[in-house]
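Naming follows writing order (A, B, C and D), and every chain is counted from residue 1.
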Amino acid sequence: MNTLDALLLISLLTALASGLGQGHRLIGWITALLFSLQFVAIMVMGSLGYGGAVVEASISLSIFGHPVSWRFDGLSWFFALITIGAALASSIFAAGSWAEDYRKHGGKPGLLQFAIALNVFTMLLLLASGDLLTLFIGWELASWSSLLLMMVAGGKAKNFALRYIVYATGGAMAVLAGLGIIFQLTGSFAYADLAAIAPSLSTLQIVSLSILFVFGFGIKLGLMPFHLWQADAYAETPGPGAAFLGAISSRMALFAIAVVLVQLIGLVKLINIEIPFTFLSFRDLLLWVAALTIIFTTFTALRQNDARRLLAWHGIGQGGYMLIGILLLDPLGSAGGLMHIFNYATYQAALFLAVSAVIYRTKTADLNQLGGLVTRMPLTFLVMLIGIIGLAGIPPMNGFVSKWLIYRSLIVEGMPLLFIATVIGTLGTILSVYKLIHNTFLGQLRLEHEQIREVPWSMLLPMLVLSTVVFVTGFMPGLVLDWVVAAQAALGIPQVAHHLGGIESAHGSLDMIWISGVLFSGFGIGALLFYSGNKTKHVHQLDNYAGGHFLTADTRYHYTNNFYAGLMHYIGSWYRNSFQWLESSLVSVVSLLSGFTQILFHSFHPALFLLITATLSLYFFAG
Amino acid sequence: MSIAHSQNLNVLLQEIEGIQLTFHNPRRLRADIAAEALPALLALLRGRASYVHLSAISCVDWIDDNQFELVYHLWSYETSVLISAHIRVPRDPGIYLSVFDIYTPAAFFERDIHEMFGLYFEGSPDMSKFILTEWNGPPPMRKDFDSEKWVMETFSWQQYHPDWLQELEQQGGGIVSTPESIRAGNRPMENKS
Amino acid sequence: MKKSDLDKVKIKQIPAQKRTNPFANVFDEFVGFCRSRSMFMLHYCTGCGAIELPPAMTSRFDMERLGIQPMVSPRQADILLITGYVSIKTLKRVILTYEQMAAPKYVIGICSCTVNGGMYWQSYATAKKLDEYFPVDLYIAGCMPRPEAVIEGLQQLMQKIKANEANSWKQYYKNYDYFLGNQQHLFGNNWQTPTDVIGEAETYQLAGPNTLGEHTKILQSVQTPLKPLEMKL
Amino acid sequence: MNETFLTITEVIMMPIVAFIIGLFMVLMMRKLAARIQRRIGPGVFQPLYDIVKLYGKQTQISHGLIHDIGIIMAVGGYVAAVTLLPVPGMNGIADKGGIITLTYLLMVPSLGLALGVGQCANPNGSIGISRALTSMLAYDIPFIIVIFGVATHFSSTSLVSIIAAQQVGGFGTWGISEMPLLALAGLFALHASLGKHPFEIYVAPAEIATGPMVEMGGKFLGGLFVMQSFQLYAASVLYVSLFLGGGENWVTFLLKCFAVLIIPFAIAYLFPRYRTEDLVRLMWKWPVMLALLGIAFVMN
């Protein structure tokens, strides 16, 4: 039994244990313990992250004569590390006081733990896939298990989860069709066979294959125009579950796209395919889909008044950055895209957990119902602060480094409009994350929140650890870049030259150790200047300038509603909900058609109807 | 305004019993009526004569008659005529009816008069403090309230007697009007003429 | 409390103090000089006198060459300019504004109305002697004083600040009971501002024997607490 | 080891130099405003007096720890950012960052200020911040296009090599003569980023009581004054490095730096201000068009 076997076994055990031990009071902690065992197992496989040899699972099956095998390389290890890390943090968060509170309000924390464990197991199977058939099986398992996680909350969440599965089924069909084409071409599902015939594929074959795979996998990623399902479904999932889903779940699509499109088919072919009557190559089209995903979803997030939805919408947009990075194919860009997956997972999980902590105490995530919590939950505030600096991509957090790599690569590649699109996304993110932290933690503390306290340690610990990771990997991005380089090697793309502090390049480098160092010395000087003045006296929040008005506690003196009123005066009319409209009209068409068929079936002779169908299908198959 | 209109108005207003009409000029009409008849007059003017704007309610304290006079200023945008309806109500107990149901803006005027004169309007939506939120004394616009006495009791004064003033006083000058002289009515200007 | 009792409290001028360390002395003098050369004023435009300030600020007289600038919020300002009669209702706001300013702070009463009520001397609604309610550094009489007079007054204040004599703001902390008493006399015993003046006096060692007294006792018995929201884990 | 020591010395020297130059830039701004309005204006040391006075206030009112930290971040962020801006004889850590890093590092002080203002619990401040962030969204888009154009033209994101490339052939190789459209768009963005008229909607003294500064007194306001002088310095030096060939020596460098600022200042005091949405509309129209046109020339 090798390390991969052990990892998969522990993972299965986790799922089984948490599934069987539903009622037990300590099930949360047991699951968390098993998750940490998985974490140890993935750490034992650490050499993979530094370019170690591929690990093959000793078990392999065969379905209809096609071998189904599992193995881990640098890329799988990188994704698996993030998956297990996110699951561990979520699981610890959900194990202690949170679970008690959740149970008190009619939830089933055991079910949530089970759903997370099942997700991890299926995702590991997906990540370990050694051929296309295994990939598809893993993909489907992961899809359905994330449906389970989304449905844990019940109620409204069920509707959103069902909406997801409608999309996901469509995606699965596309992937299946793609596999069908490949099987016809190669006669096997092995990676090597596809890679071997890839150079000889015709343009039409490549375009149809890539469209099918990008469509199929992109639905999970929330690529435009299939982005509508994700935010609602993730936001309605209970806090830790949302953290797990938001951090990693939809990134499985990136793994699949990277494997199929980049590793096997080869992006270079896509670059060479020109789209008729435009200046764009086929890859540019994909890049633009990703860029539009960034802009549209980020500016949708700007309008959200629910903290969880705001984060979930950002999650979709950040996926666009990763896709752009991976599709860029040059060492800097692909490193940025891959690194962004890690970085994003760390701060998104931290942010979702922080929001869950706020909900745990205040019972609301409505950004117009909160405010001033920094004095009551300072550590949660710190976590959220670090998280939003990461999400916005501002130094010295890790989000900046990966975005820097993507920007840098877009400049080198000479793609001005895409560069502008990504920066617009970043600026929109800054606006909306400030709204998030301002409306929850800053400003006036509401009367009903005067008595609340910081969340317990079981919830604080994962948040603090995650935000430490956000900071440390921002300070020393080389730690993550090592793994990224291993993943790049596994994908067979050129590897980025890096050191502990960042990137060394003749045309502009980045050294985060120096930059963070200078930044913090700058803060030191700022503090020195500040404390050279006389000591401060803290005043009550109602001792405030109000044009001579006497403020009282029952009057809200906090600006939250329609936070960017001036901007919305201008761009507000641009929000037309076109995609909502498109989706609902599609639904209408489908329901109309089904109603029509039903009428046909019922009002005419059913036997006649069956006869017609049978004749038609006979004609189709025979002819 | 045409004479025909004023005659029409005259005829219309004769419906109110005991009304006395005085035209100061064609666009300025004074109506003296009994206090009980005022709501009927206002309803008439608003409902049938286009006087939709109650521009103010003023109050006069006739302390010798022991009466308050209330003046309702009504304005018609169509004919550009101002009618002032005058009524008298006794100072004691100082209660009158609100016309809030006929003219909504009356609420503010009535609240103000209540604050300044202590006249209570029955049926007015809000009779709480309006402008003088800090005031706890008697209604200050009543004639029997001696503002100066109250001021003397409440405030102290800046001592200000600089050298140049002392010099002037030595030359027989100085401050020419004192509070006492003003109260007696002999203003310095009048003395000189 | 009767009016006559309040008058008995006498306010002593606080003499300018020098530190013993010569370097500290030089430093104090430098800061004092900077204070005198940089005055941010908050003009509380209560009455007609405010109309004389724009010419004083703009091209004709140009206060900025003396380092005087208008500011809009009490937190930023050094000088509170009260430009005209102060009704009792306004006085509450003036006191609130004064307390929100950061010390050292100075008050200038412009126009005769701020001295003795001016032409409103008989009015039941106008406060008469402003320095009963908070310390006033300087009055500029006139109805209204011209911009030259305003600038002249400001320059006098400048000289006082430079000589470290403009310390009236300390009076407010040291004799808070007296000022509060006068305020309560007008506004009633439920009077309270959002600023914790006593706490400030204690924090900055500005409290004196007359900071606390019978009036502050009344205040402390009725006030809603002003403790800042401290971070707690 | 010697090199590290030299870098550290430069990193210490650069903020000090920047602060002093920045003070004179503030002075120039106020003097220029005064002259345009036919006034005499403040004395030479007025900016210094203001700062010393504000730090020397006896009572200092704070709304909590984040209020303090906000000001520390605002000042500290700029102290750090100016070490990424090469000046004659001193490169600091410019080769460790580059323009993209600098652009994002300059957001740290804004973020700090935004946090500090948020903690004040004053809606005027929050409205000011929401407007400031909106205007940042407005002027950063043309600015970032300009950055892209310059980086593409010199095929580098390092300010040191951009300056070196410009100094090769004198005026003919300066960014402004090679990329005049980008330089014009950059000037627009520079003006808006300074937050002076007509782009000062987020301060709006008569309407929202100076917005972000509403609850800032004493050393808090003093910190903002310090920040302002750094801001003027950073903006002008960045522009000089991108388009005016950086500094060959200190004389020409200072001349260029002050000359760049004269243009926005001279325009600023002639105008009232735009509303937020009009600001966004303006910035997304003309400078963006100019910059895109400029990029089209650069890319060919």
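To be clear about the criterion, contacts are C-beta pairs under 8 Å (C-beta built on N, C-alpha and C of every residue); 3 or more make two chains touch, one makes a residue touch a chain.
Please read all numbers here as calculations on a predicted model, not as lab measurements.
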For the chain pairs A-D and A-C, which is connected through the larger number of C-beta pairs in contact?
-> A-D
Which chain is the middle one, judged by CA centres?
-> D
Distance between the CA centroids of chain A and chain C (whole Å) is 58
What whole-Å value do you get for the distance between chain A and chain D if each is reduced to the mean of its CA atoms?
-> 35
Dist(centroid_CA(chain B), centroid_CA(chain C)) in Å evaluates to 38
Could you grab the centroid distance between chain B and chain D? Build each centroid from C-alpha atoms only and quote it in angstrom.
-> 61
Would you please write down the residue numbers of chain D that are in contact with two or more other chains?
-> 56-61, 64-65, 209, 214-215, 218
Set of chain C residues in contact with two or more other chains = 73-75, 92, 100, 200, 203-204, 228-229, 231
Going by residue number, chain B touches two or more other chains at none
Inter-chain touch pairs (all) = A-C, A-D, B-C, C-D
Over in the complex, which chain D residues touch chain C? Could you list them?
-> 30, 34, 37-43, 45-46, 48-50, 52-53, 56-61, 64-65, 205-206, 209-210, 213-218, 221
Can you list the chain C residues touching chain B in their complex?
-> 3, 6-7, 88-89, 92, 115-117, 121-125, 127-129, 132, 185-188
Could you please specify the touching residues of chain A with respect to chain D in the complex?
-> 371-372, 374-375, 378, 381, 385, 389, 392-395, 400, 404, 407-408, 411, 414, 416, 419-420, 423-424, 427-428, 430-431, 434-435, 437-438, 441-445, 507-511, 514-515, 518-527, 529-530, 532-539, 541, 543-547, 557-559, 563-567, 569-571
Contacts from chain B onto chain C in the complex sit at residues 131-137, 140, 145, 147-148, 150-151, 153-158, 160, 179
Touching chain C in the complex: which residues of chain A?
-> 372, 374-376, 378-379, 445, 453-454, 534-535, 537-545, 548-551, 553
